[in-house]
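Following: one structure in C-alpha cells, then a few remarks.
Chain nomenclature is as follows: A, B, C and D, assigned in order of appearance, with residue numbering initiated at 1 for each chain independently.
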Amino acid sequence: MRKRKYTVIGGDLRSLKLANQIADDGNAVNIYGFSNAEFDLGIEESKDLMQAIDESDVVIGPLPCSNDNETLNAPFFPDKIYINEVFKKMSKNQLFIAGRIGDKIQQLAQIYNVYVVDLLEREEMAVLNAIPTAEGAIQIAIEEMPITLHDCNAMILGFGRIGKALSKMLHGIGANVFVAARKYADIAWIRSYGYKPVYLDDMDRYLGQMDVLFNTIPHVILEAGSLGALKKDCLVIDLASKPGGVDFNKAKEMGIKVIWALSLPGKVAPVTAAKFMKDTIYNIIDELGV
Amino acid sequence: MRKRKYTVIGGDLRSLKLANQIADDGNAVNIYGFSNAEFDLGIEESKDLMQAIDESDVVIGPLPCSNDNETLNAPFFPDKIYINEVFKKMSKNQLFIAGRIGDKIQQLAQIYNVYVVDLLEREEMAVLNAIPTAEGAIQIAIEEMPITLHDCNAMILGFGRIGKALSKMLHGIGANVFVAARKYADIAWIRSYGYKPVYLDDMDRYLGQMDVLFNTIPHVILEAGSLGALKKDCLVIDLASKPGGVDFNKAKEMGIKVIWALSLPGKVAPVTAAKFMKDTIYNIIDELGV
Amino acid sequence: MRKRKYTVIGGDLRSLKLANQIADDGNAVNIYGFSNAEFDLGIEESKDLMQAIDESDVVIGPLPCSNDNETLNAPFFPDKIYINEVFKKMSKNQLFIAGRIGDKIQQLAQIYNVYVVDLLEREEMAVLNAIPTAEGAIQIAIEEMPITLHDCNAMILGFGRIGKALSKMLHGIGANVFVAARKYADIAWIRSYGYKPVYLDDMDRYLGQMDVLFNTIPHVILEAGSLGALKKDCLVIDLASKPGGVDFNKAKEMGIKVIWALSLPGKVAPVTAAKFMKDTIYNIIDELGV
Amino acid sequence: MRKRKYTVIGGDLRSLKLANQIADDGNAVNIYGFSNAEFDLGIEESKDLMQAIDESDVVIGPLPCSNDNETLNAPFFPDKIYINEVFKKMSKNQLFIAGRIGDKIQQLAQIYNVYVVDLLEREEMAVLNAIPTAEGAIQIAIEEMPITLHDCNAMILGFGRIGKALSKMLHGIGANVFVAARKYADIAWIRSYGYKPVYLDDMDRYLGQMDVLFNTIPHVILEAGSLGALKKDCLVIDLASKPGGVDFNKAKEMGIKVIWALSLPGKVAPVTAAKFMKDTIYNIIDELGV
C-alpha cells in the first residue's frame, strides 16, 4: 500500500494505539488531543490543530466521534476541540473518518465540503468488532458463573454478527449452544453450524434448562414471561446496545442477575480494536482510491 | 403441526423417501409415478392421477420439476405425466411445490390458477443443501488425493452457502483452510472463523501452495493464468452449477485434474436431502397457513 | 446406583455443594464443620462428630484434607476437628475419601484401621479438574491482555491433562495454538490435534512471536534465557503447582508480567468442581463395591 | 539434520514415495526392488543388493517387512530378496528399519549382528497413522450412508489412538459423537472433549439410536446381543486388526452391513503415510545418534 500522511485527533486509548500502528506501517502520523495522557504517546504531539491537519491525506476522529455533536470526544485533552474548527481547516482532498457520525455532524461536513466516512457503518468493522465482544462476554460468564462454560447450557438470542462469533467461541469451549432466531434461513444456518436451533417464538420452552443467556437483539425481548421461565440462578448477559433487550426492572424484581455489557471491544482488547479500525480505514482508502 | 393430506408425483429416490417421511409424521400421503421402481415403495401407489391428487392439501412435484417444461421429471414411470394435466386436476386451494419451476411452468400455473412454490428458491433449503454438498466434496477429495486432508492446504473460492459449510468441515477435519472472496465483509467473516483470508484478485499468489482447490463461484474464475499458478498435482473440485468455474479445456491441456461435481445432495445423502425438502415444505405450509 | 449414607466433614464451599448434590441424588447426607458459614447450608448440621459419622457408608473429608496433618481443613468451623478423632469414631466398614492425603494421615489411617482413598490420585478427577483450570486460565488471559485471544499466538508448555484441555479451548476460541513437549509421541498428538508442535529444547526460537505463554510443567522451565526470548509485553500464566515453572525473580527483574494461578477449579467453578468430586466418589464406591 | 545415506529395499508405493521424500531432503538414497514398477521411480535403481546397501547409514525395509519371515515384501520385484542376504551384506554400523519385524526376523538380525528397529512399535508412528485411518473411515461412511455424517448419531468403540483421531474429525464434520470406553479416565477425557461418553458395559442401551458404528477394539466386541440392538440400517465399520471386533457371520445372518477396513493409511493417503514413516525414521536416527 502506498504510504500516506494521517492525522489522529482526539479519542481514547484506542485512537493512540491506532496512530502508533499506522506509523508502524511506515506512514507519517500527526496526533493532536492527547496532552493530558500520563503515559508515553509514542508519537510527538502536534503543537496545534492546523499543524496536525496540514498536508494530511486522512483525518481520523474519535470513536464515537462526539458526545454533544459540537466537540470531538477527547478524554485526554484539557480543552475543547470544535468539530467545525476541524472541518474549516480541512481541504477538499482530505478525508475525515470517525465512528458514529450523526446527522448534525454530517450536515456540518456538507457545509464545509468535507468528505466523511463513518467507521461503524462499515460491515467489515462490525463483523470484526464482534470478536472482542464475544470474548468479553465469555470472560464475564466465566467470572460470574459458579459452573464451567464447558458442558453448560448456553442460549444466544439472535444470530447476527455477535451471535455468530459468540456461538462459535462458546461451542469451541465446549458449551451446549442453543441459538434462538426468527427466520427459517437463520435456523438452517444454526443447524448447519451444529448448534441447537430454537425458534424465537418458542424460546420460553427452553429457557428453564439454561445456565446462561446472552442477548444480542437490540429491543426488549426478555420480558416478564420469559424471565419467569428462567432458572433462578441463570445468568443473563445483555450485549445489545440501548435500550437493551431485557426488562431490567422486572429482572431485578425477580432476583435474576443481569449484566448489561456495552462497548466491550475498547475495554476488552483496545489494541485489537485499534487494529480492526486500521484495517477498515485502509479498506476505505483503497476503495476510494484516495 | 396439524396433519394434512399430501400427494407426491414423480421424482427420483428422494421423492419416495420424502413421501415416506411425511407419512411417518402421521400425514396421509398419496404417491403416483413410481410404478417402474424395483424396490418396495413403502406406500401403495394411487391408480391414477385423479385419485392421487383428489382431496390433497399439497401436491409435491419432482426436484427438478421438469426437463422439458411439459412433463414431470419421473424416472420411475413408464408414461409421461403432463404438467398441464396435473394443474388441470388441481383445485384452487391446493398448493403445488417442486424444485426449479421455470417461467413456462409458472405461466401454466397462472393459466390454471394454481399456487406454486419453488423449493430451490427457499433460502433455508439452499443453506441445508450445502451440508451434503460439502460432505460429497470431502468424500471426493479424500478419494482422489494421495495425501490426507488433515494438514493439507485447501482453498475454497467463494464464501457463500457452500463455501461456509465446506470451510467449516474442512477445518474440522484439520485442513489448513484458505478462503478467497471479493468483499471486505466476507474477508472479515473468514478471519472471524479462523480461516486464512485471500482476496480473490490476489488469489494467484497463493495457488502454488495449494493441494486442493474447491470452487463454488458460478462463473469461469479459473482461467489459464490461475490454472498455470497451480501445482501440477493440485486437485480441482468444481462445485459450481453450469457453466462451472473452470476453463475445463485449458485445464485438460495443462494436465490438471478437475472434477466437476454437480447435484451432490441427491447422490451423497438422498435420505437427508429428502428430510431437508420435508422441513422446507413444512415451513412453506406454516408460512402460508395452508 | 444404590442409595447410601454419606457424611461430609469440613472443607470449603465445594464440600457444601458436594453434600447438597449427593443429597439431591436421593442419598442421606450428614454434614459437620460448617457452623460459622453465613449462608444457607441446605442440610441441617449434625450436633457432633459422633452423630455425623454414625451409620454412614462413606465419610468425605476436605480437599485438601489438612494443612497441618493433624486437623481437618475446616474454614467454616470455629474449633479444631482432629483427624485421629474422626478415624477413632469410624468403623472398619466405613470408607474415608478426601483430597491430598499425605503420608502422616495414611499412617494414622492404618493405625485406626480405616480404608482411605485420595481423590486427587484418581486419574479421572485430575482429567476433569483440568476443565475449570483451563477456563480459569482463559479468563485471566482475556482480562489481562490488550489483544483478543482470537488470532493471538499462544504457547502452552506441556501436553498433559491441563495442556490438552487448554489447547482445545484456546483453539476453539480461535487462537493460534503452539504446544511445546518433549516426547515424540506427544509431538505426534499435537500435530494430530492441529496445533503447532514445538520441541521443548527448541522452544526459545518461537518465544519471540508469542503473545501469551501458559506453563503447565511443574518444575522451573522458564529461566533467564527463555524469559529473555519473550516479547516485553508477552503475558506469562503459570498453572504449575509448587514450585511453579517460572524463575519469578528473574521475570520481575526483566519486567515480564507473570501470573501464578493455583487452585483454579475451586475458585472458577465451585459447583462444577463439586460435581467432579461427586462423580469420582461414585466411581470409587462402584469400583470398591462398598 | 545432518545428511546421511539411505537405502530403501522393497515395499509398495509408500516405500518409493518415502525414498523420494528422503532424497528431496538432500540425502543420498539408493533403491532396490522396484524393477517391475511401471511408473517413473524418480531415483535410479541400484544394480544389485550389494551396491544398494554399501556405505548406507540406514537400510529401510518394507512395511510390513515380510509375509513369510524369509523374504522381503517386494511387490514390484520379479525375484525374491532373502532377508538373510540383506543382513549378511550389512555392516554393524548400519541400521535396519522396517515395519512389523516378527520374532524370526529379530532372531536372524541377532545372528548377523544387525541393529533393527520396528517402525510400527514406535508410538508416534501409530499416533500419526491414526490420521489417514480416520479419514479413510470417514470416506467409507459418507460413501455408504444414505444420510449425511453431519447431525447423524455416530458411535466409536474404544478411545485409543484411532478413537481419538476419528472422534475429533467426526465432531468437526458435525456428527453427534458417542464414544464407548471402559476406563473411568477415558470417560473423563471423552467428556472433556465434548463427546457423549458411554460405558462399554452399557453400550447396548445406546446402539438402537446409532446411524453408524466404528469399532477400534481389536477383539470381538460386537456379538449377537449388541448386533441385535442395532437399527437394521446402521452401518458398521470395523477398523480393528485381526480378528476384528465383529462377529461377521452373525452380522451377515442378521442383515447388518459390516465393512472391515484394514490398512487404510497406505490406501487412503500413500504420500502422507510415507511422510509419517520418514518423520519417524528421522526421530529414530536422532534418538540413536546414528
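One rule holds in what follows: a contact is a pair of C-beta atoms (placed from the backbone, for glycine too) under 8 Å apart; a residue touches a chain by one contact, two chains touch by 3 or more.
Note that this is a predicted model, so its numbers are computed, not measured.
Chains making contact with chain A as well as with chain B: C, D. Two chain pairs, B-C and C-D, are weighed by contacting C-beta pairs, with C-D ahead.
Centroid distances from chain A, each centroid being the mean of CA atoms, peak for D.
Measuring from the averaged C-alpha position of chain C to that of chain D gives a distance of 37 Å. If each chain is reduced to the centroid of its CA atoms, chain B and chain C end up 50 Å from each other. In chain C, the residues that touch at least two other chains are 131, 150-151, 168, 174, 191-192. For chain A in complex with chain D, the residues that touch the partner chain are 150-151, 174, 191-192, 194. Here chain C touches chain D in the complex through residues 122-125, 127-128, 130-131, 164-165, 168, 184-185, 187-189, 191-193, 280, 283, going by the rule given at the top.
Listing the residues of chain D that touch chain B in their complex gives 131-132, 135-136, 138-139, 142-143, 145-151, 168-169, 171-174, 268-272, 275.
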